[in-house]
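What follows is a group of structures, each given as structure tokens.
Note that chain A is present in both complexes that follow, paired respectively with chain B and with chain C.
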Partner chain A sequence: MSGERFLSTERGERLVADLTLSGVRVYAPVEAQGRTEYGLIKDLREAALGGPLPGMSLKSLFFPPTEPLFRWRQSGSEVALEAVPTTFEPMVILGVRPCDAASLAVLDGVMGWDYKDELWFGRRQAATILTIACPGFDDACFCSAVGLGPDASKGSDLLLVPVEGGYHVEIVSDKGAALVKAHPACFSDPRGRESAEAFRQQARRRVGSNLEIDPHRVRAWLAGHFEDRFFDGLGLRCHGCGACASVCPTCHCFDIVDEPEGLLAGTRRRHWDTCQTGKFTVHASGHNPRADQNPRFRQRVMHKFWIYPAKFGDVLCTGCGRCTRACPAGQNLLEILGQLDRQPQQIPEGMTS
Partner chain B sequence: MNVYEPYLVTIDDIRDETPDTRTLKLRFKDDRVADSFAFRAGQFGEYSVFGAGECTFCIASSPTRTGYIECSFKAVGKVTNAIRDLNVGDTMGFRGPYGNHFPVDDWEGKRVVFIAGGIALPPVRCVIWNVLDLRSKFADVTIIYGARTVTDLVYKHELAEWGSRPDVTLVTTVDPGGQTPDWKGEIGFVPTIVEKVGPTSDDAVAVVCGPPIMIKYTLPVLDRLGFPPDRIYTTLENRMKCGIGKCGRCNIGPVYVCKDGPVFTAAELSTLPQEY
Partner chain C sequence: MRELRELAKKLLEEGTVSVVIGWEEGPRGVRPAFVTSPEDAEQLVFNSRSVHNLATYLNPRRPQVRRLGKPAVVVKACDAASVAALIRETQLKREDVVLIGVRCGGVVGRPDGPAELTPETVARRCMDCEKREPALCDHLVGEAQPAPPRGEGLGARLGALEAMPLSERWAFWAGELARCVRCHACREVCPLCFCERCVADKTVPQWIESSPHLRGNLAWQMTRALHQAGRCVGCGECERACPAGIPLALINRKLQQAVAERYNFKVSDDPGVPAPVGAFRLDDPQEFIR
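For the complex of A and B:
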């Protein structure tokens, strides 16, 4: 599906009002208490569309930090299970950053791998993603280094590019086209294509200068260097706090636990988890294949830039830079990727070790 | 049905194998599930006690025996201790079968050598019964099983049965010091006993399962006996939660043990990093 439209700022307000009236939940970046996060809005004027990158990624709306998988109730030796809904009310998310929109499409790979995660896909199906091209946020952004960009449309249904008086709208998916069709009074004939193009080019230049790597080259090197001195010491700096995984739009590891409510009922839930903690891999015997922080940090790099792409095609990173901003120890993924990109691919002839 | 929602099963029978290891026989409550449930040797499941959580074990019974499944577990943690507190007639949850399987069909006409240590016999026992229930399709069957002490040997009643069969060569061993005065089996570590028994690698496959240290020292012995790495099979048991390739816990380098495994050949293992 393709096509272009124009959405003026006023018509944008009307779109949000119309959607809200029709019972659709509308989310957008919202500023509160000095932070910007994706939140529920009733009026577009509550949104901080041109503001900072939301501190948390979009993943909470699709993969909540904790969510019930089912409930159980015991009666004597019998147990009855109560399912949780896997269909969800429609939601529109407006002002999504391209790095966050792309993460949804990236995660579809693992969530649909043979066994379909209905909780994920139920929300995916319910959501329409209206992305706004990003001017580039700060020097920790590197979306263009992982094959995306501040104007990438991956994972989006509509891509809005700021132009004078509103947004140039690129229709990316059938779902986006349906939204445009359902609100004909909100969208008008395309306008501002050239200025949109100028915005996009400028944003690409700005973000592109933060980090230039070849993800294929990084992947090839990682695939052949699991045991390499490069990783020694990366973990020394890491506290294993998992802040990187919490803010990451693509980290999706989870734990499954039972939460009893009294003796005879309870809820089985899944919680976000992270490969950065010591207990993540510990066996029942007490043996831990990742005994210290070095292999745990290596796993983070390997999974994102080798294992996931090898399995699902996409790099498990959209270059949002949140991990680098959030790390209390100053671990910098841009530096690490830059170093990985500069690793010699093959040992030159005549040299050993 | 939500993929994280288990089937409900009833505990039909409980058998203590050792002071801390127990086997449960489980039947599906839903007749339709019971009728349609099928699995292959080597596959695993997520067993749950409601209120305690889920735990990963192989299915220890053979796919040739339908209508129930069995699991054997050692009480070491929260869930396994909760399972131990259950009685016959109680309800548990089961999700599965998950993962790949031993290519038993490909072994028809071949000799099969089973080597197991300690609590690692349950996954091998599944394959042993699979092969023995189709006995005529295979050549010589050799079982070498060891544990630290006589007490730690699991499935003692079945060891007796296998030992008495003319079409099975069974060798049991315990670590030095683990024998009782009336112990009639071998005394020595599993790799040493494998070397002593010296099963032929001619037209043979080997299934090896045990603690990492046993596998580490058994593989060179099998190599000396002429078993090529692609005819040696093992099953890995990394920590898992979802069992279906989502939760990100069981990676070993590029593989997800729950989806690409748990069964691997020694040839495949040699390409993986030592993260198991």
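For the complex of A and C:
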């Protein structure tokens, strides 16, 4: 599906009003108490479009920090299970960053691999993603180094590029086309294609200068160097706090717990987990195969830049830079990727997955 | 800076220590550095962006740091109080660490932010800090420093919160804690969270629900607070690490006040001062026992 339209700022307001009126939940970056996060809006004027990158990534809306999987109730020897809904009311997310939109498409791989995660795909199906091309946020951005870009349309249904008076709209998916079709009064004939192109080029240049690596080269090196001195000091300053995983749009590990509510009922829930803590790998015996922060940080790098791409094709990183901004100890993924990219390539045969 | 670098170099050269834990200028601001060879001592810096409490690397839960051998750690006055607490609580022997004290005129809130100290940029905990240099140290370096800029410090924020009616205060904390994602970053960066197995990680029984819903988050944050009472030195690293931006330093400051009022205990960098939870006194207030 392709095609172009124009969405003026005023018509954008109308679009949000129309969607809200028809019962669609509309999300956008919202500023509150000095923080910008994706949140529910009723009026486009509540949104902080073009403001800072939201602190938490978009994944919370598709894979919440905690969610029930089912409830149980025991009566005598009978146990009744109560399922949770796996279909969701339609939602439109407006002003998504390209790095966040791409993360959804990247995560579809693991979420739909051996088991199709109903909660993930239920929300994916319900959501229409209106991405706004990003001018590049700061020096921690590196989307273009992982095969994306500040104007990438991966994972988006519509890609909006800021131009004079509104947005140049690129229709990316059938879902995006359906939204345009359902709101004919909001979208007009395409306008500002040239200035949109100029915006995109400038953004690509700006972000591109932050980090230039070849992710394939990094992957090939990692595949052959699980045991390498490079990793020996990698976790020294790392606290293992997992803030990086919390803000990461692609970190998706979860734990499953049963939470009793009284003696005879309870909820099974899943919630975010992170490989950066010792608890993540500790065995019942007390032995921990990842005994300290060096192998734990290695795992973060290996999973994102070798294991996941080998299995699902995509790098498990969209270059949003949140981990680097959030790290209280100054761990810097751009620096680490740059160092990995410069490692001499001597790949043992058969190790390149 | 010269003084600091030369001292670090000397300590490494003569083999007094195997590693100097200090700060360096990283690609995005100042960050912790682990210097193991004398020639690398040149990378050490101390300035207004040396925000991190490096005492946290003395926490026994860090085998990768312990393996480096005997450390020297650069400490501000506030960081030295953390070292004192680790010694007080028998997690560290005084002779196992060399402390390089630095004279400090306050630090900014963010190590990757502007370096200039103004009422807007200065870390809240520094606004009412009276200590320019640590007493607990083996070496003291740097020029004498002026007091940090004053501004609306933690005390003022806490006062505003305490002036709220109970329902409003509850709404405030419920709103803040609802954002907690239970990554436990607050615990992991804390120099004094050294339990080998945290009560929050125990599952048989599960004392604290691990899910980040308000019930679990409250249980976790209340437990953390009570376990820190009379121990927390107020370095604020938990709040800085929190990816959800929860103002944890307010809770810590409140606890400090409560402990000061009830047990006459003030945060100290003297390891000989007994901890209120670690010392028994016949005259401890106990009117709540009936």
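The working rule: the second predicted complex is superposed on the first by the 346 of 353 C-alpha atoms of A that agree within 3 Å, B and C clash if a C-alpha of one lies under 4 Å from a C-alpha of the other, contacts with A are read in each partner's own complex, and residues count from 1 in each chain.
Everything below uses one rule, namely that a residue touches a chain if its C-beta (ideal position, glycine included) is under 8 Å from a C-beta of that chain, and two chains touch if they have at least 3 such contacts.
Small disclaimer: the values here were computed from a predicted structure and weren't measured.
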Return first, second, both or neither, reflecting whether A:Pro289 touches chain B, chain C, both chains, or no partner chain. first
Which partner does A:Asp255 contact after superposing on A: first (chain B), second (chain C), both, neither? both
Please indicate which partner A:His303 is in contact with in the superposed arrangement: first for chain B, second for chain C, both, or neither. first
Footprint overlap on chain A, where chain B in one structure and chain C in the other make contact: 255, 257
Within their complex, state which residues of chain B touch chain A. 1-6, 8, 10, 48, 50-54, 74, 76-77, 80, 87, 89-91, 93, 211-212, 237-239, 241-242, 244-249, 251-254, 256, 259, 273-276
Which residues, counting only chain C, touch chain A once they are in their complex? 26-34, 52, 56, 61-65, 67-68, 111-112, 181-189, 201, 206, 209-213, 216, 237, 240-245
For the chain A and chain B complex, residues of the former touching the latter: 69-70, 72, 74, 77-79, 81, 83-84, 86, 110-111, 113-119, 223, 226-227, 252-258, 260, 263, 266, 268, 270, 273, 275, 280-285, 287, 289-290, 295, 299, 302-303, 306-307, 310-311
Please output the residues of chain A touching chain C within their complex, sorted ascending. 33-35, 55-56, 65-66, 139-140, 233, 235-237, 239-243, 245-247, 255, 257, 259, 269, 271-272, 274, 277-279, 291-294, 324-326, 328-330, 332, 334-335
